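Chain IDs A, B, C and D follow the sequence of writing; residue 1 opens each chain.
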């Protein structure tokens, strides 16, 4: 059984018709799991729905506490890509026995051209197989939390070393 | 670096306008990797484009030989779901040092409602992480080749034990 | 108020997972009208769900009778493209006061690459505006029923003169 | 032969990965015409790519001059929905011999859930059939330019009388 924590980010943004803004009002992760004919038992919980540029220390601590408190040892977290690495660093302390994978999208699921479905499938395999640790799963690659950065120009995650 | 062998199956079927049949003429896996902003180095090769119901022993042996001959140790194979388990069994002999993951789709990529994108993302993570062995990755689950069957009624893969 | 009669055809075909066949089990026209934020009052009725290659004279007469019996004067009919022209000919007799537009799709709505949404939008405008007569609306063109043929090679409808 | 003038609006907005904004950089109308297997001869021209909230009088006059100057008498204009009615009013003066149809979308084409494809199909039929005049084609309805308003709450166009 896998725990999925939703925190928001580009992945779940959708178009608000009244003003043309992209907003976070709900998660589309269940739709993605249905599209993938997911046969896993999943326990999905929305912690928050935030653009990760607006996440504060208190938000990251809340996510960390949620990871600690759950009885499950395999945890997938959806997260905005801009500060995913910062949150991963906060999660890495005192969490020796859990496998935590952070994933996001460069283009929202609501767009035809989104990477969200591929990324979530990818991350869900990583969450099931990887040994305890905190990881970022993006661009069909798995990164340790302390060896990754987002290249703002290309929009790609890269290993530091 | 990952080797992807294409063998056909539902995943790559597309609509032929002239007679309304679903046919295999090319692979869509590159489109899926692009959608997933895949940053991995991939070496993709089409071995055949067959509905797996029409695969013969010689086809499975050809796929096995291709797996043996490649210098790469991490191999993803796209395959029709109907006889995926049979091919996996053939692959399992004398292939102790390679990680081979078979994946397919219940609905072709060309359909809006396809599971192909999710499944390929999932399988690509599994191929990178799993220890040597032959696996089937479907329904967001990883199965050992000798502990899986496709339930024809539900269209879902299930563990035997 | 517009009457929509559903008769089947490629437009409504969907993938049957159990055997990989394309089948007609329901209509997707309501989904298309929702996608188009259709504000018209529509009275939709399924007459049959047939591949038009298998339509018989009795089917065409049934469609004609339905068109005669309805009190509405503006009628849109979804129909397979292969015998759309034959049905249009049957409809043209003794129906002087009604505007009837036949429309179909070369690729089913369930495919990403379908022409169904565009075609239905196009035909719905034609149905509202055209004077009484029987028309075929395909390839962004409007054809009189007696001046059109489907080019089987290109899959395009063409005027005879 | 139909003239299509592109002026921008929600229809053509796309996601800019670097900052997560929705921006206008090109038109998707050719993609939509391809999806609809459009067999019409179309002469497409981008006049501007503007959110219609930022259109000024000079923009509307430029669009009007373009409509006057073209030798074609059937003109489709893509336009943002917020000030479509204002532009239609400007176009209506001294244009007695041309059929001009304005169309837009409530959700950009780049979204899965867009109304753009349906709307463009609808408007393209209207442009071919309607007598000279200036019209707005939205929500599967045709409105005269002087008898329509956009209901900002529902996002729907409504007749005034």
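To be clear about the criterion, a residue touches a chain if its C-beta (ideal position, glycine included) is under 8 Å from a C-beta of that chain, and two chains touch if they have at least 3 such contacts.
Note that the structure is predicted; figures quoted are calculated from it, not measured.
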Remark   = Shared touching partners of subunit A and subunit B are none
Note = Rounded to a multiple of 5 degrees, the Cα superposition angle from subunit A to subunit D is 180
Task = Using mean Cα positions as chain centres, tell me which chain lies farthest from subunit A.
result = C
Query = Can you give the whole-Å distance between the Cα centres of subunit A and subunit D?
reply = 38
Request  = Give, as an integer number of Å, the spacing between the C-alpha centres of subunit C and subunit A.
outcome  = 45
Key: Intercentroid distance (Cα basis), subunit D paired with subunit C, Å   = 26
Query = Can you list the residues of subunit D that touch 2 or more other chains?
reply = 106, 113, 155
Query = Which pairs of chains touch one another in this structure?
reply = A-B, A-D, B-C, C-D
Message = Please output the residues of subunit B touching subunit A within their complex, sorted ascending.
response = 32-33, 35-40, 106, 113-115, 117-126, 128-130, 137-142, 155-157
Message = Could you list, by residue number, the parts of subunit C that touch subunit B in their complex?
response = 10, 13, 15, 17-18, 20, 22, 51, 106-108, 110-113, 152-153, 155
